[in-house]
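Two complexes, one shared chain (chain A), two partners (chain B, chain C).
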Partner chain A sequence: MPASALRTAHADEPPDPASPITTIATGTRGLRIYTGFIWAVTVAIALVPVFGSNYTKTFVLQALMSCALAASWNLISGFTGYVSFGHSAFFGIGAYATGIAIVRGGMPAPFAIVVAGMAAATAGLLFGYPALRLRGPYFAVGMLGVAEAIRVGVTVAEPVTGGGKGLVLIPEDVLTVAYYAMFAVAVATVLVTYRVATLPVGLRLLAIREDEVAAELNGIQTTRLKIGAFAVSALFAGLTGGIYAWQMSYIDPGTVFAGSLTVRAIAMTMLGGQGTVFGPVIGSVLLSGISEALWAKFPFLHTALSGVLIIAIVLFLPGGITQILQDRGWIPRSRQL
Partner chain B sequence: MVTLVQVVVSGLLLGGVYALLAGGLTLIFGVMRVINLAHGEFLMLGAYASFFLFVRLGLNPILSLLLSMPLMFGVGWIAQRLLISRVDRAPLLASLLLTYGVSLALTGGAQATFTNDFRSVPFLSGALNIGELAFSVPRLVACVTALLLTGAAQFFLARTRWGKALRATAQSADVALACGIDIDRARMIAFGIATALAGAAGTLTSFLYTIYPEMGKTFMLKAFAVIVLGGMGSFPGAFLGALALGVIESTASYVTTTQIAEAVIYITLLAMLLLRPQGFFGLKEA
Partner chain C sequence: MTEPDRPADPILSVNAVTRRFGGVIAVNGISFGIAPGTVTGLIGPNGSGKSTLFRLISGEIPADSGDIRLRGASITHKSASVINRLGLSRTFQLSRLYPQMTALENLVAVTRTPEREASDRARDSLAFVGLSPVADEFAANLSYGQQKLLEFARVLVNDPDVILLDEPFAGVNPVMEERLCTHIRALRERGKTFLITDHEIKLIMALCSRLIVLDHGELLADGDPAAIRADPRVIDAYFGT
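Right, the complex of A and B next:
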């Protein structure tokens, strides 16, 4: 099935103004600009530590973290439509696994972060197996409950985790190394998404989003796929959390399990385009920039304005920027984007 | 034995207030299939309304309900009309993200206008002794008020024309529309009532707990546990779930610590979702 047929399968989408063939033809120039933009951003990010100040580095590191989280959330929720409202659980697990491995286990940081990623992926398997049987709102509320339960659990387990006071890691000046580590994780998440989106497995995941029962009737092993995607998503969120803990050298349950981490990731993905490869990248670049500008201009109204921004995204750009560019025929309706 | 009865009774008193908050949440889910993540913030608004009416005008919080509930009904009506109605037929994610945005905007707005100071309403105190049992008077008053309001809402849903329209919309919006029910209006009424109930719960919590801009979050998570217990979409279910959760919470915090009690609440929520996602009497679609 061609990609364009899949997109127009949406019931309430307006009919295509142009036929798929002309869309691709007119989309070539837009496509060049689009991929050019992605490459330019990537190269610029790679060069920031060479030319940028510490402030720029910290800011881009934050944006990279958001990007990795958004892209990893997109892997499960953007593709399968299972809205995980507890993505911060895996970020937090990664952060705490790293912290505990370094502080209590004396592990070197890079090793600890890899272990943390695997711990998060294992948690993804463990929670995903029962939770992904729930559908729609029940899954969303369930994952919200999972994140809160783990947050409280970490707070209670004071001898190991340091409780509500938080956990202090060995402070190191690792800004540049952590920067490139986060860059690598973000790129890896997007590359995996690209791989998934262009292989048949991506179509199968999208089929779950469109109609799970129909997908199952067509012989797609939905449970296996969902749990697999969930574990991969958790792996990257865990790695992100691990690098965060290492770079900040201090973590506490309220910060690393914050629901706002999840919502930021979701808002960025929605702004860029759910279930697309580069949507989360575009969304995180834009939203990080806007958010930083708001923070600088209106420090007191920052929270309220973020809320208004999220409302505006849902009301005016529910399909994301990628879809708008595709609807206008500026870029082709390709699953590689 | 006396202690046990005491613990259960204070749990039930707590549950009454939860019922008020969760009743609205479950009503919104039932009628619109929307999970309202801003529900806790409506409670916060209600609490601040009572606080200012008490401090500026010296108005009794219970009497201030006569003012604040219609006001909150209006807030809910407008929220549904301007915002929620644009996403209540869209995929789940849209309404989740939208209501979260509303929640952030309200919290941030409250922080900017009311500051982050902790406030409280010094209204009622003391205890009522019956035999060996002692009941805290403010909690008793809060619970009785909550029960009256929940009862009134249940009466409205079960016995009036518009109540019937709401239930019909909840069962099947398309069929309700085909039967000539103004479902857009039914949805606005549902959201208005839910908001008014949340505001009333805020008034009651204003003299039981501290008031601050982020107070809604904990309450909302508890309300989620309640409606999962009772069955999402079922108003009587939310009532039973609230009483059950109140007792569970008060027993757990008596036996262990408040923090572990919080964990017990989330574990109850997850266990119920896994074992019986439709709750005591929820929709069969889980």
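Right, the complex of A and C next:
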């Protein structure tokens, strides 16, 4: 992320008249801390394979996976307000596309992961077209149904997918390479989100969230935008699933289509801030860390405690940490954040 | 019914349009044409079909039968976004701004120009309605009158030919009313066409060169304000004594 990307207008300088995105000039000191945190986390993550143990690498890899999934969920659900409970479908499609391409097609892993992204994006286009005609809870439940239907379909298609027993990939020691691949996908997802958020197209997606009928009546081509955002969101979820399958060397329907993947992505995005650029990053860093600490401290209770934490986030932090910092004037109200 | 002189080619024409909601006929076979560069008022008691007609013309809901044309081309089965892109834009009875966006962003979001021009276009629209000082304020924080003006600016940002204003004066103080009237007149001078519905009859009478009166989903009268004011059917249905 270039430093200039997070630059904000100061009170003593006129706003850039060409900039379509508003930045309100408050909390510039807080902004330095905020961006400092993001940079520190990014640099630390980049250095983990150099100095960290295999345990640390595996933990951060999972956190990066969560970050990429949360950021990709945020692209459709955070910006347009179409809350999808079936995001794990695209992660699972990516995982199985990679697995099948490697095991059945003999394809090298990097190409298989690209295929995974394309397969998930195509599925996003195919399912998005009908599903995005639904709104609110109907869309949410509809996507839950899509994820479940694909899971069942993969389970039934045993000759190709291995069915309920799962699919064993060629075991390789790829932890470090997979780590950087996941890091690249997470960064790419955030960069795409940043680009979307700072262009008028990001405002159009937010307009859909605010009032879709008014958006349509004001000439915004809502259907095309929603499907496009859905496909991009699915693309990154698919890439994430592909890298996961490659690194784990084994996948099964119950794991890669698990609803808990979606729930965690939603909770992380809500914690950091929906419809923001760095909200999913902050949410995934914090929630991954807290979950790991709970697991270490309360090995028999950590699942229940994580559930309580997610409920607390929904109840007490619906706007997320980013909004709280903005409401208190600690960081600017900027679409760049 | 008094029929003022109109050019042969209306910019907007509504031909025998009907819309039912269950057993209720909200709009029943209404026909009229609007000449370009005019301000026309659409009035009638509550439930007379004004808002439904606006929704039909702007493509928010489809007509059961009949035809709506913009510059001679049918828009009856076009989507709302396509109709807007063809040059017909509208405001709403209750403002439908994007509250979590700033005034400027509300306009940039709908501007159909390249990215670098979008901000300039949006700032021009804000300046036209006098909202430049609140460009960076969230729409939710604006006063009701400012929200009405912002919605008006949002309509103007893509330079439409036909503008539908749904109760633009409702809940607006006299100063804002006068500002809105001034803007409408200025835009009419630039060739814009307005169809306005409102219950502020004095303002409508002063602003419009023609009035269309609806009652129970049907066209009751169509003429210049003086003729409408004297029409006994309109007096009976709408003005009272």
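One rule holds for everything that comes next: the second predicted complex is superposed on the first by the 311 of 337 C-alpha atoms of A that agree within 3 Å, B and C clash if a C-alpha of one lies under 4 Å from a C-alpha of the other, contacts with A are read in each partner's own complex, and residues count from 1 in each chain.
We adopt the following convention: a contact is a pair of C-beta atoms (placed from the backbone, for glycine too) under 8 Å apart; a residue touches a chain by one contact, two chains touch by 3 or more.
Remember, predicted model here, so these are calculated numbers, not experimental data.
> Just to be sure I read the superposition right, which of the two partners does A:Ala207 touch: chain B = first, chain C = second, or both, or neither?
In the superposition, A:Ala207 contacts chain C only.
> Have a look and say if chain B or chain C is in touch with more residues of chain A.
B
> Does the superposition put A:Thr56 against chain B (first), chain C (second), both, or neither?
A:Thr56 sits against neither chain B nor chain C.
> Who does A:Glu216 touch here: chain B (first), chain C (second), both, or neither?
Touch partner of A:Glu216: chain C, not chain B.
> For A:Gln336, is the partner it touches chain B (first), chain C (second), both, or none of the two (neither)?
Once the two structures are laid over each other on A, A:Gln336 reaches no partner at all.
> Quick one: is A:Leu134 in contact with chain B, with chain C, with both, or with neither? Answer first, second, both or neither.
Only chain B; A:Leu134 stays clear of chain C.
> Could you tell me if A:Leu199 is touching chain B, chain C, both of them or neither one (first, second, both, neither)?
second
> Okay, in this complex, where on chain A does chain B touch?
77, 81, 83, 85, 130-131, 134-138, 140-142, 144-146, 148-149, 152-153, 155-156, 263, 266-267, 270, 274, 300-311, 313-315, 318
> Name, in rising order, each residue of chain A that touches chain C in their complex.
So the residues of chain A touching chain C come out as 15, 17-22, 24, 199-200, 203-204, 206-207, 210-211, 213-222, 335.
> Can you check the complex and tell me which residues of chain B touch chain A?
29, 33, 35, 83, 86-87, 90-94, 96-98, 100-109, 111-112, 221, 224-225, 228, 232, 259-260, 262-263, 266-267, 269-270, 273-274, 277, 285-286
> Quick one: which bits of chain C touch chain A in the complex? Just the residue numbers, please.
My answer: residues 58-60, 79-81, 84-85, 89-90, 92, 96-102, 104-105, 108-112, 115-116, 118-120, 122-123, 135-136, 154, 158.
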